[in-house]
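Look for subunit A in each of the two complexes below; its partner is subunit B in the first and subunit C in the second.
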Partner chain A sequence: MRPGRRIREALTDLWLVGPGVAAMLALIFVPVALVAVLSFTDYQFGARSFRWVGLENYHRLFTDPIGRKAVTNTLLYVAIVIPFSMTLALLVALGLHRLAQTMPRLSGILQAAYFLPVAATLVAMAIAWQMLLHPSIGPVNAVLKQLGLPAPDWLSDRGLVLYTLAAIGIWQSVGYNMVLFLAGLAAIPRHLYEAAAVDGATRGWERFWTVTWPMLGPTTLFVAVITATNAFRVFETVATLTRGGPAFASDTLVYALYREGFVYFKAGYASAITMVFFVVMMVLTLAQFALIERRVHYR
Partner chain B sequence: MRVQPVVTLLLVLGAAIVLLPFFWMISVSLKPADEIFTPHVDLLPSRLEWSNYARAFTEVPLARFLLNGVIVCAGILVLQILFTVPCAFALAQRRFPGRTLVFGMVLAGLLVPFHVTAIPIFLALARLKLLNGYAALILPFAASVFGMFLFRQFFARLPADLIDAARVDGLSWTAIVWRIAFPLALPAATAFAIFSITAHWNDLFWPLIATSDPAIATPPRGILYFRDQEAGDDVGPLMAAAVVVTAPLVIGFLLAQGAFVRSIATGGLRA
Partner chain C sequence: MIELRNVRRRFGRADVLHGISLTIAEGSFTSLLGPSGCGKSTTLRIMAGLDRPSAGQVLMGGRDVSELTPAERNVAMVFQSYALYPHLTVRQNIALPLAMRHMTRLERLPLLSGLMPSARRKRADIARRVEDVARMLGITDLLERKPGQLSGGQQQRAAVGRALVRDPALFLLDEPLSNLDAALRVQMREELTALHRRTGRSFVYVTHDQAEAMSMSDRVVVMMGGRIVQQGAPRTLYDEPASIEVARFIGSHRINLIEVRIENGRLVGPFAHLGVSGSGLPARAVLGLRPEHLRPARGGPVAARLEKAEYLGAETLLHLRLPDGARLRAVAPGSYVPPPEGDGVELEVAPGQAHLFESEGGQRLRVALQRAA
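So, the complex of A and B:
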């Protein structure tokens, strides 16, 4: 290549790639490095100076009762949402997959209904939930009272609030997981069921355990990781419905990050929360990558 | 024993439960105030109180919130496409030193949720005196590594002959990117647009941090202002506002279900 042409080519590459790379550096990589550095300081927004405090912020997150509460609440929330959301989504997907053979239209309509919460604006829907669960004007407690059952304060009872938020999280994520399971089900080759039938597995349960469940294995793992990734960032419902309360009973990692960082302006401490959140998300996303890779080889 | 009818019934019942919040939101949004605040709860309004919707638009600047949502989502999408498409094209179709490194950056970027970058970006915007403006809501999302990943995959499948032919015709690389490759990548662009618009129309985290001025509140932020300022006696208009804010994406979803589901399902790839 002539040198002039080579320079022209290099300029073309720079023109095409440069802005994207600059944006990635400025908006992702430099901020990540800064947040890691800040997490070892006591920096506050607006302060003129800061002190290096080593691991103090991290130590505080895991020993301070409020910090620990955010960590354990998040783990509990994720631990509730994953099994319930996945089991419900799998049942719905199995049902709709079968229904599609006899009543495709109804199956399609139901699929849209289950998916609707994924597309809907979560903040607005959280306010709808607030009205639904309202202690005096909500229909849920009205029905419970009519049946003579206790009518709890879903969103202000300390022992209950996290479970209520988890239920909303499950409601929101079932449709998404259902779509992933439906794709997994559609990919199972028919001849496997025929072979299983020859071997005597003709009943629904037998077919499920000999063919469907083993073939869904990779999908199931993938769905579990995605559900965990999404559940770990729970924020909208907390910010809308409880602000982490009452008495931090529904505080979560991302909400604590927001509160400490942007309400109390403790940038250093909030950076440490951010880093803990980041490490968890990174592990989950790497697992996701590994599973996608494996699924590709699998087919 | 026939199980199919039982299964179908259960599926319908489950769907009814999933739709309950939507149903209740619409029902309350059409109820007269005296029917909302009664000890016995009726599922449906006895008469339709459309004035709740009118009041939702007058008690808070709801139209402004919607307009802000459109401006922010459109601004973000345009910026993302301007920044990601040329880069993704070069990654897929050109050999240049550092290509592996740049692609490595894209993959590494997928590991970083936006929340992680919030504090430094907030600091930078504060330093630049850009907080509380559209720039603060739009600029931080300019680099979409998910978009780069998606477009790169699509551009990699473009036949080399096509690009060679365009070069022979004397088209510049910029023209090839925008006049040949990008129009062909429309399916990827649609999927990306749905994904991006859904994410940013619904986002609360960043608008809560970057703005405190109701005049530039996005729809979710705006509806929180409404909820916090009403003292519990404006439930009808509040629910009407919730319906209005939710409606655009829900209607879009119902009109283009397949595209929506595919787009959101691939969106799961991004962190």
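So, the complex of A and C:
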């Protein structure tokens, strides 16, 4: 006798969904669970035994000066990159959106130029930045000296290095955020601007506050989450330009994770860092999903 | 009130308006009627000040307003898409033009305005005005909602409210009913004409729907291909269309257009009972007959064969064929019982309701038709 229709359909569902679920379990959920378990041990890569240490790894990350430095540096980096990258991207997008009406080709070329850092490998770009910012032979300091301004050690001054990295991070992310803002601007119905003109919002500033800014609201939230996600992941510039130095002044979460896990083989501690990073990413990703849902805005 | 003098508009290499000259009388309800792409919306946008003419003048009250913004011209506009601000409530949407007009930038700042007595007073004034307008349009209970939570008709009313609130000199309406369903459209037609009567302001109404233009306006401007082809009262457009194009566009039943020959002051062929008087008669012309003016009548002078009868309740639409093969449509009252399809039908047509057009160019021939002896 053939199985009932209900059973056959259930089997089909299982056949369609099963392989994907199995792969996700094996490649994502199980490793995450293992990392979570490891984060409660003092396991070292290659060791034959380990000891349960409870929350000690987490405690260390948030109390040990070096661990704390990585956390605060990352937060500071994110706090600098988000507002500056978004403001600059919005200004560039507004400018290029206007320019596209009169000189579409020039606007297109500039858009491509702003997008280049996004498309380029950041490791390769980091070399270019290293040359530019070299304290004695770099062109940036050469210009500053010509102007009679002090020429700082951009990448080896403890008080400055994180800001330098943040500036590079901003430079790198403006192009991507600009594209998102441009898409948001293009989606604003022209009639709203015309209605605003009829209603008396004639100055550029009034138009911006009456139509552009509110209509960009969902895009702006989305851009903020994307920028935060990418800023939390900062690694390439740190690894290639400073290695977290000098004296951990530019150490960040992901770089610390790399150092502890792959240089010192402290798998337990690295796992704890990973878990913290994982939770932050999880929260941001959930926020991102929620915002994408809300893109059908003002309902 | 508002006057266009030889206004031209060119987009790139395409001429959209070829010299529009038009005067909108104070307090009139004027429709700009035409097929899509005829330039009627561009004309309206030039009146509003949202677009500028490539050449020509725009005058309001005798004054050149080319340099004035829409707000300075004190015009109000209702858009086809309503163009309500989606992030503001209906109340805020309606209040916005007043806030923009009467409050300084400082007073508009949300936090500061609470501290300034002048801002508080103005806010109270605006609130009262918004309430008045909402009551007039019957949307008081919708004031706290956002446009996304309203139906099409409600959004339409909110958009009208925003136009109405600051008592503009001129109302410009760009196909405001075309996104509504048929029943609501008829209802909103009545509401708009009532609004026009109540405000006494000039309305300029853009539409491609001849029924809207005919039923609402006291004056219709028919535009085609960037030109005004005829303007006048709805009755004039219907009774004396200036060209085949206008005749085809006006009227709910499409007019019958039949090629005819004229010999010795009368038409040759099925309409031989129609005589033409006038000088310089062409040998060939196009006869225009509205289906509602062709009535089946026993012993009528026009003989045709019935191909199909469509019963519509109040009337019956007859699809006929003339002996020379030309198709013809006629409208009979609903009570008319048509013969079996394929049988002959005799029809009557009053000479006063027939139109003659040039066969080249399609202009109306200024001749009189009468029953031939």
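A few points about this structure:
The rule is simple: the second predicted complex is superposed on the first by the 273 of 299 C-alpha atoms of A that agree within 3 Å, B and C clash if a C-alpha of one lies under 4 Å from a C-alpha of the other, contacts with A are read in each partner's own complex, and residues count from 1 in each chain.
Everything that follows uses one rule, which is that contacts are C-beta pairs under 8 Å (C-beta built on N, C-alpha and C of every residue); 3 or more make two chains touch, one makes a residue touch a chain.
As the structure is a prediction and not an experimental result, all values here were calculated from the model.
Once subunit A is used to superpose the two complexes, subunit B occupies space next to subunit C without a clash.
Contacts of A:R6 after superposition: neither subunit B nor subunit C is touched. Measured by the number of subunit A residues touched, the leading partner among subunit B and subunit C is B. In the superposition on chain A, contact is made by A:W171 with subunit B only, not with subunit C. When the two structures are aligned on the shared chain, A:R51 is found in touch with neither subunit B nor subunit C. Taking the C-alpha centre of subunit A as the vertex, the lines to the centres of subunit B and subunit C open to an angle of 90 degrees, rounded to the nearest 10.
When both complexes are overlaid on chain A, the residue A:H59 reaches neither subunit B nor subunit C. After overlaying the two complexes on the shared chain, residue contacts for A:L192 are found with subunit C alone; subunit B is out of touch.
The superposed three-chain arrangement places the nearest Cα atoms of subunit B and subunit C 15 Å from each other. Across the superposed pair, subunit B and subunit C touch subunit A at no common residue. Subunit A makes touch with subunit C in their complex at residues 189, 191-192, 194-195, 197-202, 206, 210-211, 214-215, 217, 297-299.
Against subunit A, in their complex, subunit C makes its touches with residues 45, 48-50, 69-71, 75-77, 79-81, 83-88, 96-97, 100-101, 105, 146-149, 162.
By the touch criterion given at the top, residues 9-10, 12-13, 15-17, 19-21, 23-24, 26-32, 34-35, 38, 45, 88, 92, 95-96, 98-99, 102-103, 106, 108, 110, 112-125, 127-129, 131-132, 136-139, 142-143, 171, 174-176, 179-180, 183, 204, 226, 229, 233, 235-236, 239-240, 254, 257-258, 261-262, 267, 270-271, 274, 277-278, 281-282, 285-286, 288-289, 292 of subunit A touch subunit B in their complex.
Those residues of subunit B that touch subunit A in the shared complex are 3-4, 7-8, 10-12, 14-15, 18-22, 24-25, 28, 36-41, 43, 82-84, 86-91, 94, 96, 102, 105-113, 115-123, 126, 140-143, 145, 148, 173-174, 177, 198, 201-202, 204-205, 208-209, 219-220, 223-224, 227, 235, 238-239, 241-243, 245-246, 249-250, 252-254, 257, 260-261, 264-265, 268-269, 271.
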